[in-house]
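The data blocks that follow each hold one structure.
Each of the next two complexes has subunit A plus one more chain, namely subunit B in the first and subunit C in the second.
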Partner chain A sequence: MLEVLGLKKKYGELVAVNGIEFSLQPGDIFGFIGSNGAGKTTTIKMLATLLEPTTGTATLNGIDVTVDPMQIKRMIGYMPDFFGLYDDVKVWEYLDFFATIYEVAAKEHRKVIDSVLELTDLTVKKDSFVSSLSRGMQQRLCLAKCLVHDPYMLLLDEPASGLDPRARAELKDLIAELGRMGKIVIVSSHILPELSDFCNTVGIIERGELLAFGPVRDVVKTISLTKVVEVHVLDAASEVGMWLHGKPHVLNTHMMAPTVVKVEFDGTEQDQAEMLKALVDNGYKVTEFREEPIDLEDVFLRVTKGEVN
Partner chain B sequence: MALRAWAREQWRVYNGNASSVRDYRAQLRGYKPAVMWALYLGLLILFAMMGYSATVGGGVHSATRVQNDLNNFFHLLFTILEAMVALVAPVIVAMSIQGEVQRKSLDLVMTAPVSPKYFLVGKVLSGYRYIIMLLFLSLPVTAASFVLGGATWSEVLIAYLLLAMHGLLYIGLTLPIAVLCNKVISTVLYSYVVCWGIGFLPLLIVIPMSSVGSMGVTEMPFFLLLFPGTQTVAASTFTTIFGAHFPNWILATLMILFIVKFMMLAAGSAMTRKGSKETRSLRIHGLVLALVFSVLVGVSAGGLSGFLRGSSPVVIARMMATTVTVLSLPIVFALPYISCWSYIDEQKQRPLGLVSVRNMLTAAPEGGLLYLWALLACLALGMYVPSYLNGVDPGMSYLVYMFWLFGAWTFLWAAGWFSSSFSKTGVSTARKSHVAFTIIVTLFPWPVLGMINAVVGPYTDLMQVYPLMALSGGLPLLNVFVMGIEFWVFAAIAVIWAEKRRKSSYSFKEWGVNEQTT
Partner chain C sequence: MRHLFIGNPMLGELQREKNKALAPHNWQGSQLAARVLLVIFYLLLLLIVLVYVRDIEPYHVLYALLGLLTVLLPASLHGVIAGEREKRSLDMLLCAPLTAGQIVVGKFSRAAITMIGLVLAIGVPALIIEVVKEFYVPREVAMEGHTMGGFFYALLVCLVTAVFISSVTLWISSKTKTSSSAMLSTIATLFLFFVVAPAIGSVVRPISFAASNMLTLTNPYVTLINAYTGQTLRISMPYGSEQVATMPYTLVSIAACLLASVLFLVLATQNVYELSRGRKE
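Then we have the complex of A and B:
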């Protein structure tokens, strides 16, 4: 379990991360959302023991990142937003290097290397030079390197940036698979559609402040206090719109077509059901009644102001 | 149990070090190494042939003359090799460490459960292996000096051993520079300044020592073998320590190994946070190194005290103070790191007070002053004790000189503390200002003093504004004392001013809430 409490990082007067708090369970895939410069990488680097927090703590299975960084390092796999690859060695040599420094038993190296290469679909490139790999392959090799010691938590900083759609889809599948394996996966990104597909928890950060955190559905619900309900009727929609105007929780109505009206609504699901019942009870022939889905991107845009440090 | 864990860790660090193996694979792959080695060998042969022509040449000479020429050829060959090693070693280490920084692979390594020691030992091993390969390649060329009769096998072998140790020393000296710099080119340049600069140090040490005329044909202080171009006399020289003769090459090898370890700790300390075990170990090793080196210099220059027996206490004190001053000079490289601070950098740069005994061995700025004094005390004591045991006591005069020396170093430390209080852009700016100030105070007056010397004559009162003039012969002890007082007063003014600024700064109010002073 990862617990982050009041984690803060200051560079002089600049507050890069301002006392953020969250906790994650095994199997959680946490999408860390924020604009460039919001504090995602700084937070991840503090969790990876690369940066010293100014104040606050982060504990992984009860071990504080500042107190026993060596123990934390054994439990994490860190993939930075750059590759940091040794391009003058072969793929297996690269993984062999990390297997050695992560204290994987020498007799296990071959087996571990083969299995992570298989998992990342790089087996055919085992004897190729790192410099000859495509960007997507290098990205996967970097992920493979994170897996050689079977870490408890993975910190992936912008893992999909610069990848083509196919490579991105493959990476998504791979991360989802890692979540199913029971690992805590923290994925930072500012490309929101790629996160919403496989993350079960999200956090939105801006100017170092964690503005929202929780399961994707809860965050969306919490943030989206006003929702838009689309009502299709057989009757004149204008009449429905006028009837709805001034009713509880109805903020506004918009005619979209002669038989379609959009209702801005700030009630609960119960209130929503009451409204549908009232429409039907009043004799309106409702053919369709649905809430417009709100995705992470909408939530992000609503929560953030586009400010950076 | 702890011993077993320690042994296992050492085995892991030194045997099959992943960093070293990786570098080894990259270094030896492809055609580049073969081209480099061919070029190296070609140059070596060319220089050797030129050297042979210059030293031995043709014509008919007497056997004594030929023997002498061949011996010179032997010296020349190893000087060329030394130059090659001094050129190559810093570049290899700089490229290896800076390569990691530039491609950001260092971040990946640092998130693995490896200590800075593991990483640095890997770099030393890979760099050193390359140097050893270069030395092996030179064997056919240097064998000529044996075959032709310029040197014996033992001389050649010991010269090689010393050369290999010098290679290790250059690698060691480059390590902290490579960690602290952020570009390959600056790392190489600074390393060259340091590695080639130590070639000039013997001048500073030999001059005062040769002036006492203590060196025999085969007896010389072992530490001179630490400097370039001395391998060829290594086999035949020894140092007398309390009457016993110790071969210089053994003492020099041990000293180099200790210095390399010290440098690795310095690099490791630069890579770690406040209070790390690397910093603690570095500081303890620094004190031990200062004490041991000072004692050994005092003992090996035992002729120094022997020669000085019967001289006036002031002369003895001045000679000893000069040696201590020279030995303390490397502190100038460490001073910006123990005197400068900033509240806008990492925790280890933020002072929680002016002086703290508790933080003497951590990287905290408030521990810097006491550590500096401890270093100087080790040097001063290390020089005094052997002399005293040898029946040569400089008495109170030595204390006066030490009062001056401590004052001079405290003044330079205070300059770092002072420049930090004015730096708004972090500790690196403060360090640069401090280095600039140190250079201005110590080096710039030389040409001016030269002119005064030429026009007015030596030892005028005006020349006493220069700090090192305290060591000049003929200066009354009282003047040395007054110069010491001046340093202490200037240091106090600088510190009081800096403390006022530090405590009134916004950053201090934010960070200095837990100020502890002793």
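Then we have the complex of A and C:
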């Protein structure tokens, strides 16, 4: 379990991360959302023991990152936002080197290398030189390197930046698989659609402050106090719109098509059900009544102000 | 200390270097040409030694060794930390369960390979000449005070100087952000140690004889011949000449080089530690 308590990082007067707090369980895939300069990389580097927090703590399975960084390093796999690989060696040699570094038993190297290559779909490139790999493959190789010691937690800083759509899709599948394997995965990104598909927990950070944190659904629910309900009717939607205008919890209505009206609504699910009942009771022939899903991008835009440090 | 040398996973760096050296793509084009040239030069050197064995003194060859160590060690080591920092591959090592000392020792092991390689390639022919000169071919100009021990003493000077050069290079590499600035800084520092310092020593001779001797006679390029011949020097001064026993200066030079090497390695370790804690960006 990862527990972050009041983690703060100051560079002189600049507060890069301001006392953020959250906790994650095994199997959690945590989408760390924020604009460039919001404090994502600083937070991830502190968790990776590559930066000393000014104050606050982060513990992984009870081990403090500042007290026993060496033990933490054995438990994490860190993939930086920008990284270089040793490009003058073969893929398996690169992984073999890191297997040695991470003190994987020598007789296990071959097995471990084969399994991480299979997981990252790089088996066919085992004997290729690192320099010959595409950007997406290098990204996967870096991830494979992070996995050689079977870490408890993975810190992936902008893992999909610079990847083409196919490589992104493959990376998403891989990260989802790692979550299913019971690892804590922290993925930072400012490209939200990329995270919404596979993260079960999100945190929104701006100017070093964690503005929202929790399971995706809860965050969306908490942030989106107003929802949009789409009502399809057989009759003229304009009439429905006029009827709804001024009703409790209805903030506004918009005509979308002759038979479709969108209702901005700030009530509960109970209120929503009552509105549907009232529509039907008043003789409107409702063919479809559904709440428009609000995605992470909407939530992010609602929560943040676009400010950077 | 034990974890630095025994069971230091960073010594896997040697395996990586070996793999790199044997990689087929490093045996093509300019890489292949460079290696062939190196072998030709080496064979040429051996040939010259064989042909002119009467005229060549072993210390000539040891000077060649010292020169090569001065050039090749910085060339092969300047980028070991700065280059990784520049390429952004250093983070991978810094977030691995390695101490800063293990990283520095691992990187230093590459210098050890270069040193051993050069000492074997050049030191062994020098030793053969030494043996030949000592037992089979009489010297045309007798060397007063020289013994076989002098050869090994001079070889030790070469090795200690190599350790010093490697440590300086590694320290500078840990301080700088790019390999090119590391290279330039290393050249400047070595120039300062090996050229500027003895030059200053010569200039200050009329002012302070002791300071002058300390600056000139502790220079490895001067120490080498002194160690080899084991002579006392007669240095001319405005008021006459002074006899100087070189042995103390040679010992000071060796001790100073070793001490400075340890100091530079400690400083390099400190720099790597600070990099690993994000105190240097």
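Note that the second predicted complex is superposed on the first by the 309 of 309 C-alpha atoms of A that agree within 3 Å, B and C clash if a C-alpha of one lies under 4 Å from a C-alpha of the other, contacts with A are read in each partner's own complex, and residues count from 1 in each chain.
Please note the rule applied: contacts are C-beta pairs under 8 Å (C-beta built on N, C-alpha and C of every residue); 3 or more make two chains touch, one makes a residue touch a chain.
Because the structure is a prediction, the values reported are computed rather than measured.
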item: Superposed partners subunit B and subunit C on subunit A - clash or fit; value: clash
item: Touching partner for A:Ile76 - first (subunit B), second (subunit C), both, neither; value: both
item: Touched partner set for A:Gly12, first subunit B, second subunit C, both or neither; value: first
item: Touching partner for A:Asp64 - first (subunit B), second (subunit C), both, neither; value: neither
item: Which superposed partner A:Tyr102 touches (first subunit B, second subunit C, both, neither); value: both
item: Partner chain(s) touched by A:Leu50 [first = subunit B, second = subunit C, both, neither]; value: both
item: Contacts of A:Leu85 with subunit B and subunit C, given as first, second, both or neither; value: both
item: Contacts on subunit A seen with subunit B and repeated with subunit C across the two complexes; value: 48-50, 52, 70-71, 73-74, 76, 78, 80, 82, 84-86, 88-89, 93, 96-98, 100-103, 145
item: Residues of subunit B touching subunit A in the complex; value: 12, 16, 18-19, 21-22, 25-26, 29, 103-115, 118, 273, 343-344, 346-347, 426, 507
item: Sites on subunit C touched by subunit A in the complex; value: 9-10, 12-13, 15-16, 19-20, 23, 25-26, 84, 87-89, 91-99, 276-279
item: Subunit A residues within the subunit C interface of the complex; value: 45, 48-52, 70-71, 73-74, 76, 78, 80, 82-86, 88-90, 93, 96-98, 100-103, 129, 142, 145
item: In the complex, subunit A residues that touch subunit B; value: 11-13, 48-50, 52, 70-71, 73-74, 76, 78, 80, 82, 84-89, 93, 96-98, 100-103, 106, 145
